[in-house]
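Paired with subunit B in one complex and with subunit C in the other, subunit A is shared by the two complexes that follow.
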Partner chain A sequence: MTGHQDHRRASARALIATAFALALAGAAFAQSYTTAKEVVDAMEAKPAPSTTIATMSMTITAASGHSLTRTMQVWSADEGRSQLIKFLEPADVRGSGFLSVEKASGDTETMIYLPALGRVRRVAGGQKQDAFFGSDFSYEEISSLSGDFGDDFETTLLETLPGPVYVLEGIAKPGSDGSYDRIVFQVPEATLLPQRVEFYRAGQLVKVLTISGTSAVGGYDLPSVIRMETVASGSYTTIDQSDFKVDEAIPADVFTERFLQR
Partner chain B sequence: MSAGAHGGTGGSRTAGQHRDAGNDGNTGSRRRNLTVVAAFVVLSIGFGLGALRLRLDASVSAMLPDKSAVADLQREVSDVFGADAVMVALVEGDIYTQSAIAQLGKLTTSLAGVPGVNNVTSAANAQRMLDDDGFLLVEDLFPPDPTVADLAEAREYLETSPLYQGGLLVAQDGRSANVVMEVSADVDSAAMSNAIRAVLDEQWQGAGFGASHLVGGPLIDGEMRATLAREMPLLGGVAALLILVMLYLNFRTVRGALLPLMTVLVGLLWSLGTMGWLGAELTTLSVIAPVAILAVGSSFSLHLLGRFFQELSHGASKTAAIATARKETGLGVLISGLAIAAALCTFALSGMPTVRSLGLLTAGGVLATLVASLVLLPAVLGLLRPPRRVVDPEQPGVIAGFLTAVARFADKRRYAILVAAGVLLALAIFGTTRIVPNTAVIDYFNANSPLRHDYAVVEAAFGGSSQVEVLVEGDMSDPAALAAMLAFQGRVAAIDGVGHTTSIATVLRGIHHTLTGDLALPATREEVAQELLLYQLSGDPKQVSNYLTLDSRLARVDIATKSESTAVMRRIVSEIEAAGAATIGQYAQLGYTGSTVLQLAIEDALLHDFVLSLSLAIVLVVIIDSFVRSFRAAIVTILALLLTIALQYGMLGFFGIPLDLSTMLLGALAIGVGDYAIHLTVRYMEERRFGRPPEAAMSRALHSSGRSILFTALTLGAGFAAMIFSQFVPVRTLGSLMAFTVVSVGTASLTLLPAACLVFLRDPRGAAKAAAEA
Partner chain C sequence: MSNRQPRLSLPDPAPRAVLGTLATLAARTSVARRAALTARTALALGAVLLCATAAAQVSYRLGGLLATEFGVAVDGTIPVAATGLTLKLDGEVGAGLFPDAVFVAELHAGYDAAAAERFEVGLGRAYATVYLGPVDLSVGNQIVAWGSADAVNPVDVVNPRDLSNPVADPADQRRATPLLRATVHAQQGVTVDMVVVPVFVPSTLPGERWQSAAELPTLPPGMAIVGVLAPSETPPAFELGNVQFGVRATLDLDLGSGADVSAVVYRGFRHLPTASAELVPTDTPGAFLVQPRLAYDRITVLGADFSAVFGAYVVRGEAAYTFSEDPDGNDATIGNDTFAAVLGAETKVAGGPFVTLQGAYQRTAADAGDAAHDSFSTVLAATFDPDNRTGLDVAWLHEWTDGSGAVRPTFTYTFADGLTGTASATVLYGKDGSTYGAWRDNTQFRLGLAYAF
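So, the complex of A and B:
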């Protein structure tokens, strides 16, 4: 066989393979939503648990490789408006607690209990943009893990990737008090949970959020493996959530100063 | 043997006496000469294009030794704690006023927007942490539109808080404030420094407040780069002009002045072009290279042209004069050129890239100039018509009279000269014992320069502008280790020349003070961990991560030190290390780095290079000089050089000139530059081969080569003297000392060397044989 014949046969094989791939891709592109609004509405329409109890393991890793892992028990109710965190590990912070309750007035009361100091302190000055316990997440981002971007951003559908995975762009609405002026996020239709979110400020990519694992619990898809990377510093934080309990009645006294000290 | 070489004294001759010389060259030799010239032109254009690609790296980090534990530790500190470089601006004015605090806020915001500035801390954006009856408040130190009471409260906090006390942000008298900037080491330091200055001018002085003063490593980088960019063409131009004048005075012809510069231009282009094509960068020290190549390289042509004109004046044809110059004087030129290049190549063994770069750049330039002198110059001379008028070096005149007197003096007083040289050598060696090293970067600048003034002002208020960083590796969640760290800082603060010290212990004490009212550290591991947790929640997490890793295994103590001489720095670092060993050293492993320690590492590397390059250069020059077919002649020749080098370093000791970056390089540079003494030895041996007795041989050698040596000394001296105009202290010192060196080598070559030859080299190898053959 000549080299020329070889080449022609290889070209024919490539053409067939490409056609087959395109056919498969076409099948996979069968999408349910055609606009950003439809995607966002679908995300928001997804049922969410009324309460969540989970074990959270948070590992903060600096660019130098030094890291710190803390394990916490988290109680959350009212779509995250009431939240209690109790530190389980490491031993030197065991028993420490953090309580955050949004009042009817819209103000958030924040308290911390440190057993070594033996008293509860109310904390002021913590802003939504502040780092959550020195991690790469801010309070704002921790509360948006389920992809609740709709209120602060005007969204447009940029493209649809095989899957289908919707790529949306959110531009901060005028008057928004968020930290970022632009986000780009990818939402697989299968979960309607963002799998990757890029946060931009003044045209610069600031952080990248990746959700690489979800847990199906009680009919809900909950993010279980989450990573946030701060681009400039090279640091990142990973959160592993497990032992989910959803829609369990959490006694009202859990979100109190007394329970915090218990 | 050429007809003219021993044809007695001549005088000025007209071109008519050797017009036939113009027709000497047949078509073949003319074509050969044209080919040579064309090849040099093409190669020089090619290298010249490479030279256009050259870039300058004037950063202080470019000066760091590349195999240094201190530099490695600095990189680790930078990687782990993000502490690249710090710049401090001190702004003068009545700070505790509403308008000044508002303006300081604007200034802080504007500075944070400068590209390369990562973080800015000033009183205007500082926070305070208060425990208000169980309510933990973390708020701005100064509220918007502060009242008089707010200002007084903030002042009290700044003066008493463990985090800020001691004038860290505002001077105790309230008359100045510090703005501390963490900056990236990767940006263009000159552009960043200029942008910061512009903001200071606009947002402080321009707003009607007082003066501002800026200090920091990147500022020095920028200043050095700007000065170098300004000085390189200036110094080169002045050196070229001075050399041109000396060459003209020697040959009294335009071509005699221009041809040596042509060969040097070739050397410069080839050397710089090679660097450019290889992607190498020029550094601070590179400014020396073009001047050194210019000065040294022109001496090759000076000797060759001297011989060429001498042969012409004695009636030789142009072709014969070129051949004799290349054959007889060319040997000395070749040997001295190789010796100089070899001596400069010893810098290639340096642990510092900048010194290696200087050595190879200069050696390459010298070698290229040597090739141009031995190949291009004869070709150009072959193409040019012979000059209408040539000066015979041996013709009666002032210089000839002087050389006759010198020859007589060396003959009659040979032992006295040797004894005087011995006495001078002893004195010089005594002087070397008084040398004090000092390679402090700040001392590169004039004592009355604005930069030095700014440093003095900032250091008086801030306590120091240089840094010692202590990397502490251990269990830093142990309260005992933290207490030891605080004790270490206490001891260090008492050392003369040390300013503020900051560490995780300082931060924790501040948190604990706020939470409990006790000015102490947390007492248990749990308290340590939980107070840090609280601070991460409500304070600035960066204030923790700047000093402690997440796993609490590595900590950093930041110590501000004054920018003093390296001798003082050495004392400070030594005392800091002793304090560390006695305190925190019992709990953790300590490593020391920071700009202060890095400067000492540079000095240690330079001292190593100094000893290595000087001793190796001496050995290499002796070996290469032995190519004159006599090891004894090489040893005798280098005596003049050794005396000169001893005198150089003796002068440093007697005049209190520090052993610094440039003076350490002086020895090896001088031994190469000063090797033109070999020309006298070569000529003396040539005369001895023709059977002349030693005294007559030396007299003739002095009359011919002596003139070239005299003008080489003047030419080289003039070239290096151009460096005296530099704004850089080390470059200026090098220039003046090199000028002294070449003049003293010249003096030694015309006195000590003849005397030594007449005593120790009366019968050089080959003289007897040559005489027998004759």
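So, the complex of A and C:
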């Protein structure tokens, strides 16, 4: 037996032991929250990095199974209120960028940069609900990847699954300009990150978001594998986030038109 | 939101005013050669700028675009049967979020069996930008896109255009030109963009298929025109007094979801020639030759543009007044003052297409006995992505003063990462002699395939 095989066998044993311990820990969890507000408050109280820099690989898969892949660099600050995305691959979208900055007034200024156009374009709020560069995510959903869903919705606790995993329902508040009138999301108490979100419009299930992987970076649990499925078309987009850097000082100059088109 | 833009340009009426195919010949002579020389000079300057920061880390990437296109017109002719390769080298000097400098160099080689000059090799964008605090300093062959509106941009005056297909995507028509550019990012949302264009480069005139037949003057009895000489071109000389320059100052306004307003001043030359003709007597009494003359008018452009977000709508507008050196319209050999303005709005229809509507007005002052000319046109464009790979665009341009126009549906499909196919039709309509009706025979269908790597 080689050293390499020894190492693999030891790793496998450690993995099984860890999984077993985690399973036991999950079974031992007592339910800590009894209302939706407690869950949402706990989600919001969960420490979040002040800034995040990550590489995002986005794979768009059609119902036929054929897929397209985009790779981009993401800078995020102020808990996602300032966000810049630049495309790295493939070549035909390389250099394209998306900037979203929430101002003190609460209004969000959104711009895109397309190299072929040669200049930065402002984007209207209504356009935030459109597909993000051909993916199953909308611009609005990309902007809230690291955020929460609580602000625009009145939430109620539907049930608590083993784990415990809280199942919450959010009904859009009057005057909300979001794309959906109802969401249902599952939040494991262990991570306090939504692991599945169902988006409804006029009673119809429109999209399903699944967070199937998280990364522990700098003391934070960050979603690393995120999948959004469009129910009607059967297409889905998977985002893999890697190379996380958290709480690094990002100069304010990054979230500007100048940096967007650099 | 779509990543595509409305793709139908409003051609300047000037190209069709020139005397037929003669103008095309002249546009490819000494000016083009001087432009190539200046481009090389600009590249050398860019290299010097890069060397100044060469102590830092350099990273680069080589990519490109391989594209092929085939078209057929309603009269059975083939307007395009082309294949081209563009190689692109880009990179940066320095590391971290803010590199010290970036550089881009594009080289294009193409073959078009349907073109008069089948082989083409040329430099695209080729420049270096050095970041000096709040100043971005760029030198080389560049494209400077001024303005806020789509398709019709009265303040977008810096670069010449390739109008060989005058209804192509306006963004694709810009030709890189050698220039020095300094962009100052000042405080309080103010950006000042300054350009100096040392050498004049003309626009490429519409291909022969797009040019109307020459209109020869009517002569008194006993006089006759017996021939037409090769056109005489008088491009601006390469001298200090002919250096073109412009400034665009932009102010970002802290209003709602964003707004900005810009002012533009540009002093230079029209990129399209003003054509005139004179009669040259021959040895035979009463027999004359026509000598066409092409001149590029010195102009001063004052303009402004803005964009603002109002809820689900973005409103964009531009206006520019172009002062010529013949404000009273006394000299038929000099183009006249013009005023152009465009106002448009765009929005995303819920669950439907992204829609843009623009109205454009242009007035050309009276000239040597001819009345002033007004035109008003609209552009309605819709873009819809039914799925992740498919894109549908429709653009409709209508000239209300003569009832002519153009409609262009485009279908795009992404086969794989970087590999995109396009099918489009351009349908031109209108009466004989109208702005677009004169081009009815150019109604055509095109297929294209492009691979970016």
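Just so it is clear, the second predicted complex is superposed on the first by the 206 of 262 C-alpha atoms of A that agree within 3 Å, B and C clash if a C-alpha of one lies under 4 Å from a C-alpha of the other, contacts with A are read in each partner's own complex, and residues count from 1 in each chain.
Here is the rule we use: a residue touches a chain if its C-beta (ideal position, glycine included) is under 8 Å from a C-beta of that chain, and two chains touch if they have at least 3 such contacts.
The model shown is predicted, which means the values in this text are computed figures rather than measured ones.
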item: Partner chain(s) touched by A:Leu205 [first = subunit B, second = subunit C, both, neither]; value: neither
item: Of subunit C and subunit B, partner touching more subunit A residues; value: C
item: Touched partner set for A:Arg258, first subunit B, second subunit C, both or neither; value: second
item: First, second, both or neither for A:Ala62, with subunit B first and subunit C second; value: both
item: Shared subunit A contacts, counted only where both subunit B and subunit C touch the same residue; value: 60, 62, 66, 68, 90, 92-93, 96, 112, 114, 116-117, 119, 121-126, 131, 133-134, 233
item: Interface residues, subunit A side, partner subunit C - complex; value: 60, 62, 66, 68-69, 89-94, 96, 103, 105, 107-112, 114, 116-119, 121-131, 133-136, 139, 233, 235, 237, 250-251, 253-254, 256-259, 262
item: Residue ranges of subunit B in contact with subunit A within the complex; value: 79-80, 82, 127, 131, 134-139, 477, 515-516, 522, 524-531, 533-534, 536-538, 541, 544-545, 549-551, 553-554
item: Residue numbers on subunit A that touch subunit B, as the complex places them; value: 60-64, 66-68, 87, 90, 92-93, 96, 98, 112, 114-117, 119-126, 131, 133-134, 233
item: Touch list for subunit C against partner subunit A, complex; value: 1-3, 5, 63-65, 97-98, 102, 136, 143-147, 171-172, 174, 185, 191, 252, 254, 256-260, 307-314, 346-348, 350, 354, 385, 387-389, 414, 416-418, 420, 450, 452-453
